[in-house]
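Got some structures for you, see below.
Two complexes are shown next, each including subunit A; its partner changes from subunit B in the first to subunit C in the second.
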Partner chain A sequence: MRFKFEKRLTPTLLSSIFSTIIAVVLAIAASAILLWFVDVDVYEAFHALLIGAFGDLENIYGSLVKAVPLAFAGLATGIAFRAKIWNIGQEGQVFAGAMMAYWVSSMIALPWFLNIAVIILAGFIGGALLGALSGILKAKFKVDEIVSTVMLNYIIVFVLSYLLTSRLWMAPGEYYIQTAQIPEINRLPILLAGTNLHLGVLLAIVAVIAVHFVLTKTTFGYEIRAFGSNSEAARFRGINPNRMFVLVLMISGGLAGLGGAAQSFGVDFRISQNFLLGLGSTGIIVGVIAGLRPLGIGVAALLFGGMSQGGLFMQVMADVSSAIVSSMQAIILIFFLCSSFLSRYRFTRIQPDD
Partner chain B sequence: MKPHLRVENLTKRFGEIVATNSVSFEVQRGEIHCLLGENGAGKSTLSKCIYGFYQPNQGKIFLDDKLTTFNSPRDAIANGIGMVHQHFVLVTPLSVIENVVLGTHRVGWKMDLDESKNKLKEICDRYKIEIDFEAKVWQLSVGEQQWVEILKALYLGAELLILDEPTAALTPQESERLFRIIERMTDDGLSIIFISHKLNEVMQSKRVTVLRKGKVVSTVETKSTTKEELTTMMVGRSVMLQVKRKKMSAGKQILEIEGLRVKNDKGLPALQGVSLTIHANEILGIAGVAGNGQKELFEALIGARNVENGQVRCQGEEITNQTPKDAIRRGIGYIPDDRYRSGLVSDFTVEENMILGVQNNPEFSNGSLLNFPKISQFANESIDQFGIVTPSTKAITSTLSGGNAQKIILARELWSSSCCILANQPTRGLDVGVIEYVHNVLLEKRKEGYAILLASEELDDILALSDRIAVIFKGEIMGIFETGTTSIEKLGLLMAGQHDAV
Partner chain C sequence: MTEIFQETIIIAMLAATLRIATPMLLAAIGELVVQRAGIWNLGVEGTMLMSAFVAYSITVATDSLVIGLLGAICAGMAMNMILALTAVTFKVNQFVTGLGINLFAAGTTLFLHRQSLDKYSSGDTPTISTFDKLKIPLLSEIPYLGEILFSHYFLTYFAFLMVPFVWFFLYRTRYGLEIRSLGENPLALDTKGLSVSVRQYCALAFGGAMTGLAGAFLVLALTDRFIPGMTGGRGWLAVVIIIAGNWKPVPIVIAVLVFAALEAFQLQAQGIGVQIPYQILLALPYVVAIVAMMGFRMRSEQPEQLGVPYHRE
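So, the complex of A and B:
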């Protein structure tokens, strides 16, 4: 009995699940090899990872909180990539959202409820402005969005650096290069007393559902999907490409911005270059791994949040460096990307008369 | 007399799909043999197995009664089998002679073409093929390019020539010339297999093997059968080959096109001052080989391509350089020549494609929310009305056959259009049964008062459907005639660009 490996006509759900499981298994195996290489007790490391992520209620809450900016950045990725608009500016848009929210918060003094609402809105607007800029550059000047979003990442981060080092935003007498602490009245309220579950968690859940709803049930979501799947046919059928570029990048940027605002006003309570670093980029991985599907992005964000939380535990309990944790995330991404390729093939028996 | 080629019980599978199912037929030396069948009947797969491009799962191929196995086209070529594909594989910046010797495995590093030129000249003289060896391929017409492809095969010593849809891109005169030279070749002992679904071509053969769904229906002597009989064998039921068009007097002007100048994708002029008028109750047919500006004309009319100069008016309103959204709003329907590029989203479900372009219509959405029950209802009604074969409205469109996908476009455009229909090669790649359907639909809309602009490579279709015919060549209208007032010969000459034919 001989087998051969041949291409399927269409990937089935079963083959996708099967290949995802293989991807996870291989990813774990590769990570284990990596850990073994750096002389870490593999069992202890994975044990710490799991406990740290979901071991007890407190850790679960921690994972949820860590998942919030990842979910927002993941949704930003999802909505843009579904339109085949390659937003790689989540990193900068996260910062822009946090920065806009901070700036606005320093100027307003409304009743508590309105204050928070305005701050959140400012977070969205900050990221949206950055996204819209890339969209306009593409619509009017045909500037490739990958180029403009990536370059804006640098620009925004340097703008923040300037605002901080020029002492415009830096608190007087501070040693570290960061803003003053965000006053309590401006911080996102805690959902469950005694925990660190802030409003951002609820907003993230709402966002996941909202993006899912928009993509599947609204005419705009329909146009995004049509445009992403076949932009030429979409254009012939009345969907305006320029409108798509600007709107989608604006909303995408806005979602990432919300993530930045939620993180700064719900967890960090300060703006600095270090706190928000990497959230946007990880969001890209989250979005892609989830197959650009909003509900899946929620799950993937939770998993990555868990890995981040558990990673801290791994560092402490099993003496694993933080670089290894990032490497493990990258390994998982690579195996996931390969798994979607794998689901298109299958093993079949060679017929006797072939 | 032993046959030149004999195919016995050939079966070729692709995964679970059986493309050819136990096919047997034979070709005598010096015979013109036609493989006739609809899309998906298996004729292309069969010929690719004969040519060594595919290896059959089962079955045997005999050349002069000797069992042969071809592992690649190289083996087939070495055994005297040549193939001319429907889509040419020429290197356009190179000359004719350079293309002919390409890949012929000459020994040595010196490029000495004299010997090759002599050999090629001998072939051309034998069959009276006239072509300039030094001409660059891009300078040649489509018909001349086809001769280069044929010469490539003859140069390598082909004794059996397989031609895939040979007259798809030729004018009537060029087709005529092709078959005259083919006759000369077969008189000389060459065997020809040509693959076709065009009944006019088929009648030029000596015998025809009809394939349907991968199986041989029958092999018959061409002169003892009729087009109708062959169509019935191809399709499995009798099909009306020519729709009946009743004469109607044209109504008021609906679409006025004046001096249209449009560029193609390469920035070169595609339309050089085209002027046409289409009236209600009228079908204006555009005759011409594909690539003479038809695509650019239609795209400019619906707003998908920029108009450099000129004017377009619809029911008196100026619509030059409108957006596609405007065109849909104004009730202009568009049936594209490449349905999956400009008409459908292949990943979408049938019902999603049914509303592509009209998703914002209050029929299908409340404000920004899609109204799924209404969308499904519309899709189901269309499926019934147009006879679309699909397991459900939620099936993915790419799983449908070309004909059924085209019907989705028809259903959609007929629903959303109100004054005119622009149909660019609406029956390209479709089976005979569906072609009959599309023609009837167009005639029906004509009766209802629509203005219809129809472009087609099939001159027969243009003649059957159009009230007036405009011939297009290199972006210019060569002439506009009432159907029946001009001969096919004259139209063919105009299609080939000869101005003084009128």
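So, the complex of A and C:
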């Protein structure tokens, strides 16, 4: 009996989910080896990770809150990558959103619900401006969006660093390099008294559904998918590529910006170079392993948010550095890329010729 | 400010420029070959970081700088082999893989570093005695120039010597031509019966070794211990340098020197009382890269098939 390795015509939803599960299992195995290598009790560590992530209601709330910026950055990835526009500037766009929201919030004094609405909008605009800049550079000057988004990741953090060290944004007498605390009135309201579930959780859920709706049910969503599957053919159907570059990068950046604003105004209440670090990159992993499907991104964000939340618990309970979590997440991505390749193929039994 | 003081600072700044340039140049020259072979490796930062960590760990364990250096080369090559497997063999998205490599290196080295801290009662990892500087006899005696050009670590000389070597390889040898055609027209190579993936694996191995050396230089020469995230964007700068240098060896060296000089100046700026926010100097390379790409639209040397996986059908 022999088997043939045969290419599937279209990767199915099932095979996509399957490769994600395979990737997660393999990544858990790989991180177990890493933990074992440094003499950590592997069972104890993973047990603490799981309990810390989803063990009781409080931990689940924590995971939900941690999932918020990842969901936004994941959606930013999903919408851009679907159009085969390689926005890898989520990291910078998260910062830009938080910074714009902070800047606007320091100037306004409206009734509180208006205040919050304006701050959230500013978060979107901050990220959208940075994304649109990459879009314009691509449309007008043919600057590769991969290059410009990566460059802007660094440039925007230097801008923040300048705003802080020049003391424009630092409270007088502040020792740490961070902004002054965001006043109570500007913080995202808590949804459920006694918990830390803030408005951002609701916004993220709405965003997941909205992006799903836009991608599957609207003309614009159709244009994104058509542009992604064949930009030449899309052009002949009247889709203007330059408009797509600017618009998609703007929306993608805006979504990432919302993530930054939600994190800063819902959790950190300050902005520094460290607080938002890594959210955008992790969001890219979330988007990719979810197969760029919005609903999947919601689930993947919750999984990764749970890992971050559980990592903190594991650090305290099992004395294992929570850095293992970001290592695990990257390993999941790498295994996912491998298994998604393999899931494009299938084994079929063939009869021997002789 | 006295003249002698100024003189010392300027000489120190120029010598520092070459020192700072070393890891960037090593990585950029390695990455140039990779990109010429049509692979857009965004994992340079992670490869460098992992190599630095391996160089440090092995040096601490064996007490030998040379073994540490060799370990870093192997680590660099191993990291690039992840990219080779996914990008060349599996043909998945190269940018995402590169990003994955960066995140993997950042997370894993931070984790292993923190775990190893427990072993030391001082609360910090031990330092290592770094490489000695290699003063070139006679030449290092030349006033001014001797100190600026000829009193460096051997990896600095090596990095600059690799430039003509790689130039010669790329433009004057058959294998170099083959590598360059991978980035422009891999089909032409394939139809001649020459394997595309073998050459891309080789290019990635070379790039990994060079980036490994860059990582080793950070711990074995510039500082004396591993610090999480110590590459601090140098790997990305190597990518920036290739863009700003328009994928050609000589302009790449110029870009390296300019960016290194900016950093050296930034380190001294406060000392000599220059009132420029240092962030502007640090951000400048990234801005330059974008502006350079805006100007290149007509005469770009960017390989045509850069980042496009080669499919036979």
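The working rule: the second predicted complex is superposed on the first by the 325 of 354 C-alpha atoms of A that agree within 3 Å, B and C clash if a C-alpha of one lies under 4 Å from a C-alpha of the other, contacts with A are read in each partner's own complex, and residues count from 1 in each chain.
As a convention for this text, a residue touches a chain if its C-beta (ideal position, glycine included) is under 8 Å from a C-beta of that chain, and two chains touch if they have at least 3 such contacts.
Bear in mind that the values here come from a model prediction, so they are computed numbers and not experimental data.
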Notebook entry, point to check: Who wins on subunit A residues touched, subunit B or subunit C?
Noted result: C
Next item on the list: Could you tell me if A:285 is touching subunit B, subunit C, both of them or neither one (first, second, both, neither)?
Entry: second
Check: Which holds for A:143: it touches subunit B only (first), subunit C only (second), both, or neither?
Finding: second
Item checked: Touched partner set for A:86, first subunit B, second subunit C, both or neither -> second
Check: In the superposed arrangement, which partner chain does A:165 touch: subunit B (first), subunit C (second), both, or neither?
Finding: second
Next item on the list: Could you pull out which residues of subunit A sit against subunit B in one structure and against subunit C in the other?
Entry: none
Margin query: With touch defined as at the start, can you tell me which subunit C residues reach subunit A in the complex?
Written below: 40, 42, 82, 85-86, 90-93, 95-97, 99-104, 106-108, 110-112, 114-116, 233, 236, 239-240, 243, 277, 279-280, 282-283, 286-287, 289-290, 293-294, 297, 307
Check: Residues of subunit A touching subunit C in their complex?
Finding: 34, 38, 40, 86, 88, 137, 141-144, 146-148, 150-152, 154-155, 158-159, 161-162, 165-166, 278, 281-282, 284-285, 288, 320-321, 323-331, 333-334, 337-338, 340-342
Checklist line | Sites on subunit A touched by subunit B in the complex | finding: 6-9, 217-220, 222-223, 225-226, 229-230, 232-240, 351, 353-354
Notebook entry, point to check: For the complex, which residues does subunit B have touching subunit A?
Noted result: 15-17, 57-58, 302, 304, 323-325, 327-328, 334, 336, 340-348, 352, 356-357, 359-360, 365, 368-370, 372
